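Both of the next two complexes hold subunit A, though its partner changes from subunit B to subunit C.
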Partner chain A sequence: MLTKKLLISALSVLSLLIVSNVSFALSAEEQKGLDISLEAKKRDLGWQDSTADMLMLLRNKQGQESIREIKMKSLEVIDDGDKSLTIFNKPRDVKGTAFLSFSHPIDADEQWLFLPALKRVKRISSRNKSGPFMGSEFAFEDLSSFEVEKYTYKYLGEEELNGLKSFKVEQYPADENSGYTRRIVWIDTEEYRVHKIDFYDRKDSLLKTLSFKGYKQYIAKHWRADIQEMINHQNGKSTELKWTNYAFKTGLSDSDFNRNSLKRAR
Partner chain B sequence: MRDKLYNFVGKNPFWVILVCITFMVLAGTGAQKLEFKNDYRVFFSEENPQLTAFESMQKVYNKSDNVSFVVVPKDGNVFTAEHLAALKVLTKESWQVPYSTRVDSVTNFQYTYAEEDDMIVEDLVMSTKNLTSDRLEKIKQIAISEPLLVNKIISQTGHVSIVNVTVQFPGVNPMAETPEVAASVRAIKTQFLAEHPELDVYLSGMAMMNTSFGESSISDSSTLIPLMFLVVIVTIGLLLRTITGTISTVLIIIMSIVTTMGLAGWLGFYLTGPSSSAPTMIMTLAVADCIHILTSMFYEMRQGADKRTAIARSIKINLQPIFLTSITTAIGFLSMNFSDSPPFRDLGNLVAIGVMLAFVFSITIFPALLTVLPVRVKVQPENKKDIMAKLADFVIAKRKALLPLTSIFIISSIMFIPNNELNDDFVKYFDETVPYRVATDFMQENLSGMMMVEISVKTGEASGINNPKYLNSVSDFSDWLRARPETDHVNTITDTLKRLNKNMHGDDPNWYKLPDSQEMSAQYLLLYEMSLPYGLDLNNQLDVDKSSSRIVATFKNMTSNELITVERDMIQWFSKHAPQYEVDFASPSLMFAHIGQRNITSMLIGTTLALILISILLGVALKSWRFGLISLLPNLAPAAIGFGIWGLYSGQVGLGLSVVIGMTLGIVVDDTVHFLSKYLHARRDKNANTKEAVHYAFDNVGRALWVTTFVLVAGFTVLAQSSFKMNADMGFLTALTIFVALVVDFLFLPPLLMLLDKNKSEVKENAAVTAEATT
Partner chain C sequence: MHLSLKNPLNKPSNMSLTKALSKVFGSRAKSSVSAMAVCASLVLSNPLSASEVATDVEFEASGNIALEQRYFFKEALYSEQLSHSQTSFSVEPEFYWQWNNGNDSLLFTPFYRVDSHDEQRTHGDIRELAYIHASDDWELRVGIRKEFWGVTEFQHLVDVINQTDGVEDFDGEDKLGQQMVNLSLVNDWGIVDVFLLPGFRERTYAGEEGRLRGPLVVDEDNVSYESSAGQQHLDFALRWAHSVGDFDLGAYWFHGTNREAYLSPSPQAPSSSLVQYYSQMDQLGIDAQATLGDWLWKFESIYRSTSLEDFWATQAGFEYSFIGVFDTNLDLGLLMEHSWDSRGEVALGAQGSLMQNDLFLGARLAFNDMQSSELLMGFGSDLDHNAFSFLIEASRRFGDNFIASFDVRLLQSNEPNDLLYTISNDDHAQLSLAWYF
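What follows is the complex of A and B.
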């Protein structure tokens, strides 16, 4: 009886130790993974706001293609997720539709959509983070801003990718509504730019690979890729994003990112 | 040549045995390469138009292979907090099934509703902790009035629900992928049942069907093949009373099967439901050769010949008939190459190879074994012969009554042939002992059938599906389809749009209608698509540029013809009401519905060709075109009678049965060959009159014929026990046809010969004399 009690208390102490270890002290790999991500975030800080045009090219297994044309405006928010305004140009029947999103690292994002046909702004309440963006292979969570708190990390090692020495870091989403169990990210050691991401679905099998091509530096600081290509390994479909007309520090402010601004967005 | 063969075998029996066994071992190692293909698609050739249509549709939209967990609460109500909680667990667990890309259930249904200017999209069942009875009732009402759910995911009364897992097989290693999914699904079921004893779970869906193809065949081969060996051993042991003979025959059988299956492996064959019955068939057919050789050999030994002489004589007498019957049997099976369904081509080729190998083994290693092993002959009175003699007397005496009687029997049987209808219902390919069949039958009774048709309506222009005209057409079509009595469920994008329109207008039921402008529909869809979580998107209903949408119709169980009628009506609807759209219809159900028709047509060509070849062979072998022609009647009548009786008994003719005519033709011909050749021998060489000749034929081959028929009927009856109904029906009808063939050869052919031959007996005799004189 006594030994049983002893055993139980010993076990609980042990498990407490393990739990506290996880929450307080990170292993060397976890710490390094976190450090790399912190550094990457730090290097991109201070862009304030940006605008860009995005061309979205969807392809199915049959080779059928479809194009979406979108304008993106983003506002940097320190200590929270960024704000973004997405304005659809093509297909023609959704022209003028505008999507406003306040992203949050852990909580559900706040989202509004302006439908010109209805002349109304609708707030969307959903747990759609994991869902596809406009029928593409990009999920919402793949397009929203990178925040360090969104993941826990594990450094996997160094690897050469496209001739660049890269850190390989595994990221585990903190949000249980995420569609992924983990992502593996390749970040070059020179400039801390993401070059490739492997996405693993809820049953931990490889779902998609995202590649970044044509990095350019803007206002002598911020690196943006011209092309992002997402390949879905499970259904054979792919989506390519082509970015043009990047502009930074254009003078956008909070007032450009609210319900009223949605209706006049162009 | 015939003497030389046994001279060599008799002198070097050990060498012959060694060479044959080496050959078997070398060939047999190929058997390791044989794998079972678990996929209903194997039943269709690559050029099959319905398969091509289905595959291109699967590339445009997402694939539709699935597993269904049919969840049945024992208290008959899905909508309790406890059961919904269980369903939520199962839904979550289902995401762990390998290759799963989508999970649909009552709990994760994306329910949309309006709250002032907010559009709320969430799981129909979010949390099950504080569900009041009011809330439960509300969930139930939403579920059973939602056209997307009712009859598909939830029954109308809410007593059964389904968790449907869409599986996207990568197809990299198809042989391993299906069992992997099945194993995972079963593990989930077992664990789920352990935690929720208040529920029952059945497993259905395409992936489970594919699994059953493999499992059914494997369980068959572990029961049917041993049973077949038993039949062979008992038959030969009892009828011929020889231990050595039995052992040697069993060895020939094993060698024929091992070598054939080994060669199949080397040649790159794979196993399927139908072709896995090849060993049983080869076994059955190989026995006949051995029986003929053993019978003749024992006859010679009883007459006082020593063993070697007896074997030599037996080989000499039997070489030509065995060769002839093997060739005709092989031709019959080769006619299956005309089948539209590759597994039946494989079956035909495998059995043809097996039959020819059995022939080779039975004239080489078989006599070698008999030479080496001790053979004792018990002198026993040949009382069987008396029975045959009595039968001969009876047939000759009653010939005037027998001919019309048997003719009436044949004709009246033939009249029932139209009772047969082509039907390939893949659910019924399995009998009621197979869990998949039980699950699917249960699903059909409580929710919906397995018959599905996917309908892709194309506009040919990007965003074309948002056009109100298009949406109205699709909606009208869906309404028309739903009004048909055989329709269980129709999944269409128009229902979603109507619901969204209602949501956008504060959930006012008056707005449950299609939006009236293209922009409106496009923007609703955009809004909706932006709100859906992973795996519940619209990609399975819309193509990438929204130029076409897919309607999925689920029907009650029906026959192939009925489904083809529905398809025709659907095509007509579109050509009448919406001719501007290109419409594709495809689905596994349609593939199976059409294959019967395609297969019958191609098999008729194949069978005719086989018939012509076999008749030419017979003409040459019997040295008479006239008798070649006469033989057509007893050769064709058995299959006709067989199908007539089948028309009375079942009337459902599927893929499996469409090959039976060609297959049995080669077998039943053997009886005719033996009987006619003995009859002609008596007429030509012994100058016997027709009656004497008939008597002679009965005395000489009567016994061998009924012994081989017994073995064949027993063998195919064993096959008829298969849980794979396609094989079982094929076995049953073949056994029936072979049995009928013997009856025809004993009761119909002799009176016919006595009638036809008599009329021209003078001419015939003269011809025989001149033929004799010239040779």
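What follows is the complex of A and C.
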């Protein structure tokens, strides 16, 4: 365990050095894992801003369902993490609640919550990465934007998944507050889209599997999946995300992501 | 229900602010009236399919209906008060219209409560009836609104715009709608809000039959004002708020009618009620929060100057969060806050604060389950004399649209000068069931 920790921290130091253009020796597998993620990130650059509607279907072991209806607005920020505004519509008791986040690759994210009953804007701690989002099987960190610096990498090989030739890459979270020791990610070799992620908990046993279905390409460049299904292997619960009304380059700007826009978000 | 995103958002960024302002002020009355007319006709025709009728105006109706049952453990201290059980029913719908891609909107939130015993608690209010116009770097809000300021949890010291709807609940967090014209300017160095507040709202107090009051009822008809304009005084407020890295800061100046009345026994002997006197005040306030990892450090302070007194008060403390305690999904937040008031300990009936040197401890447990179950415990203690309050609030969702909450409040004081002493028979439990639509 200790050697593993040492290895992980050594790896994160190494990858940071690489990212900051200091040449240093990574093993061939580590270099290839990093290269794949850099390429995936690069291919999705330039979306500027996007809006989409998300329907969350929470299912427990007995098959009981509960719905969350959410609207998302995001703004691409060059050389930093993205900005996002999350607006809740269902369940009805949280309708009007909105969440503003300025994410950063290394520094702590800045997050504010608007509580409509009191009309109160509350700055909240962004340390809660591993906790469940709205009682679902998605953790906060599963829904945050992908930044290359958030992980260190190891290429595991090629594998066929759903008829597509895919890279299999292991990712180790750099953040000590992550709920995971590692993730194994399947990325297709053609378009560099993520198709499946296995999550391993802090005890390094398989916790969840996330599958991406129905990829569509928007403005001839950006691939987004219509459906993301998260299955928790340990508690038998699952959560399905259904995305609709994806739109890109809608004209959103910094002024759509401040305290005022948080208060009137719908 | 979705924003139409085919057209790019209105972007008057190249328009100078003064030009844009004159445009809005000049045509505001006309456009808001016609907007009202459009909305009204939509309501009359078919509210729920409004977006189908006119593609540029979208309409939404939501809200909640709640049934609340209180049970007081002890007999009433004063003869007219209700004995043990108090039932009430409330309704708060919300109607929302937006057009111009959401840059213009109208919000209407009426509220009404019927109470089984306390006729003062049977009351209605327009919580909100406001038109909002949003532009890139400024926003204009006109009408009846609610505006919250502050960062602390156990006392909202700097929150001053809205009057407290005192009959609603024990915590004073319910507010009456306030008429206002509010211009909000977004700058790189923070958001500046200018408020013009025409018309003052008197605080609501428990009636004769109501519990949670002292021996004398506050007379709603015997109200006087320092200003000759009385309730029509035009109040003014200017606030700056900004986030700098881990710090969220706010500062303001308020000039106008004091939201807290000076209460005194009615002149005829024996006094049968308390009369209200609303002074003018100038108040400076600051609030700050540092968000450092799992720690939230909070500070609020006010300096208030009236013709009767000048004083300082602060509320300061922290909140610490444990994420995923005991290897579960549970989050535990621990809170501690201290209240201080320069007026110190005061005799009952004299002016001063209940929270002159009080310590508050709290624990918040979020279960992070499908039902959003939560448990909150709070303990308040007066450090100058023997008085404490204790509360538990538990809530959970049932199905998709019901929220059940169960609250227990215990109040104890051995100091006859303390307000808590006069309501020390009012320990109670409260169960409420709300349906959200």
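Here is the rule we go by: the second predicted complex is superposed on the first by the 242 of 266 C-alpha atoms of A that agree within 3 Å, B and C clash if a C-alpha of one lies under 4 Å from a C-alpha of the other, contacts with A are read in each partner's own complex, and residues count from 1 in each chain.
What we mean here is this: a contact is a pair of C-beta atoms (placed from the backbone, for glycine too) under 8 Å apart; a residue touches a chain by one contact, two chains touch by 3 or more.
Predicted, not measured: the structure shown is a model, and the values here were computed from it.
J.: Is this a clash or a fit when subunit B and subunit C both end up on subunit A?
T.: Subunit B/subunit C on subunit A - steric clash.
J.: Quick one: classify A:Glu149 as touching subunit B (first), subunit C (second), both or neither.
T.: It touches nothing on subunit B or subunit C.
J.: Tell me which partner A:Asn258 touches in the superposition: subunit B (first), subunit C (second), both or neither.
T.: After superposition on chain A, A:Asn258 lies in contact with subunit C alone.
J.: Just subunit B (first), just subunit C (second), both, or neither: which does A:Glu39 touch?
T.: Once the two structures are laid over each other on A, A:Glu39 reaches no partner at all.
J.: Could you say whether A:Glu191 touches subunit B, subunit C, both of them, or neither, answering first, second, both or neither?
T.: A:Glu191 sits against neither subunit B nor subunit C.
J.: Look at A:Asn245 in the shared chain and tell me whether it touches subunit B only, subunit C only, both, or neither; answer first, second, both or neither.
T.: second
J.: Looking at the overlay, does A:Thr51 come into contact with subunit B only (first), subunit C only (second), both, or neither?
T.: In the superposition, A:Thr51 contacts subunit C only.
J.: Going by the contact rule set out at the top, does A:Glu158 touch subunit B (first), subunit C (second), both, or neither?
T.: neither
J.: Could you say whether A:Gln62 touches subunit B, subunit C, both of them, or neither, answering first, second, both or neither?
T.: After superposing on A, A:Gln62 lies in contact with subunit B but is clear of subunit C.
J.: Scan A:Leu118 for contacts with subunit B and subunit C and give back first, second, both or neither.
T.: Touch status of A:Leu118: both partners.
J.: Superposing on chain A puts subunit C and subunit B in one frame; which of 77-85, 131-139 or 401-409 is the clashing stretch?
T.: 401-409
J.: Considering only the contact definition stated at the top, list the common interface residues of subunit A for subunit B and subunit C.
T.: 58, 60, 66-67, 91-94, 118, 120-128, 130-132, 134-135, 177, 179
J.: Along subunit A, where are the residues that touch subunit C in the complex?
T.: Spelled out, the residues of subunit A in touch with subunit C are 51, 53, 58, 60, 66-67, 71, 89-95, 108, 110, 118-128, 130-132, 134-135, 177, 179, 245, 247, 250-253, 255-256, 258-261, 264, 266.
J.: Which positions of subunit C touch subunit A when the two form their complex?
T.: Of all residues in subunit C, those touching subunit A are 1-3, 5, 8-9, 11, 13, 60, 62, 64, 96, 98, 102, 105, 132, 134, 136-137, 139, 146-148, 150-151, 173, 184, 186, 191, 241, 243, 245-246, 248, 289, 291, 293-296, 321, 323-324, 329, 331, 368-372, 397, 400-401, 403, 434, 436-437.
J.: Flag every residue of subunit B that touches subunit A in the complex, lowest number first.
T.: Going through subunit B, the ones touching subunit A are 56, 59-60, 62-63, 95-101, 117-122, 168, 170, 462-463, 466, 504, 515, 517-524, 526-527, 529-539, 542-546.
J.: Can you check the complex and tell me which residues of subunit A touch subunit B?
T.: Touch list, subunit A to subunit B: 58-62, 64-67, 88, 91-94, 97, 99, 111, 113, 115-118, 120-135, 139-140, 177, 179, 202-203, 205, 234-237.
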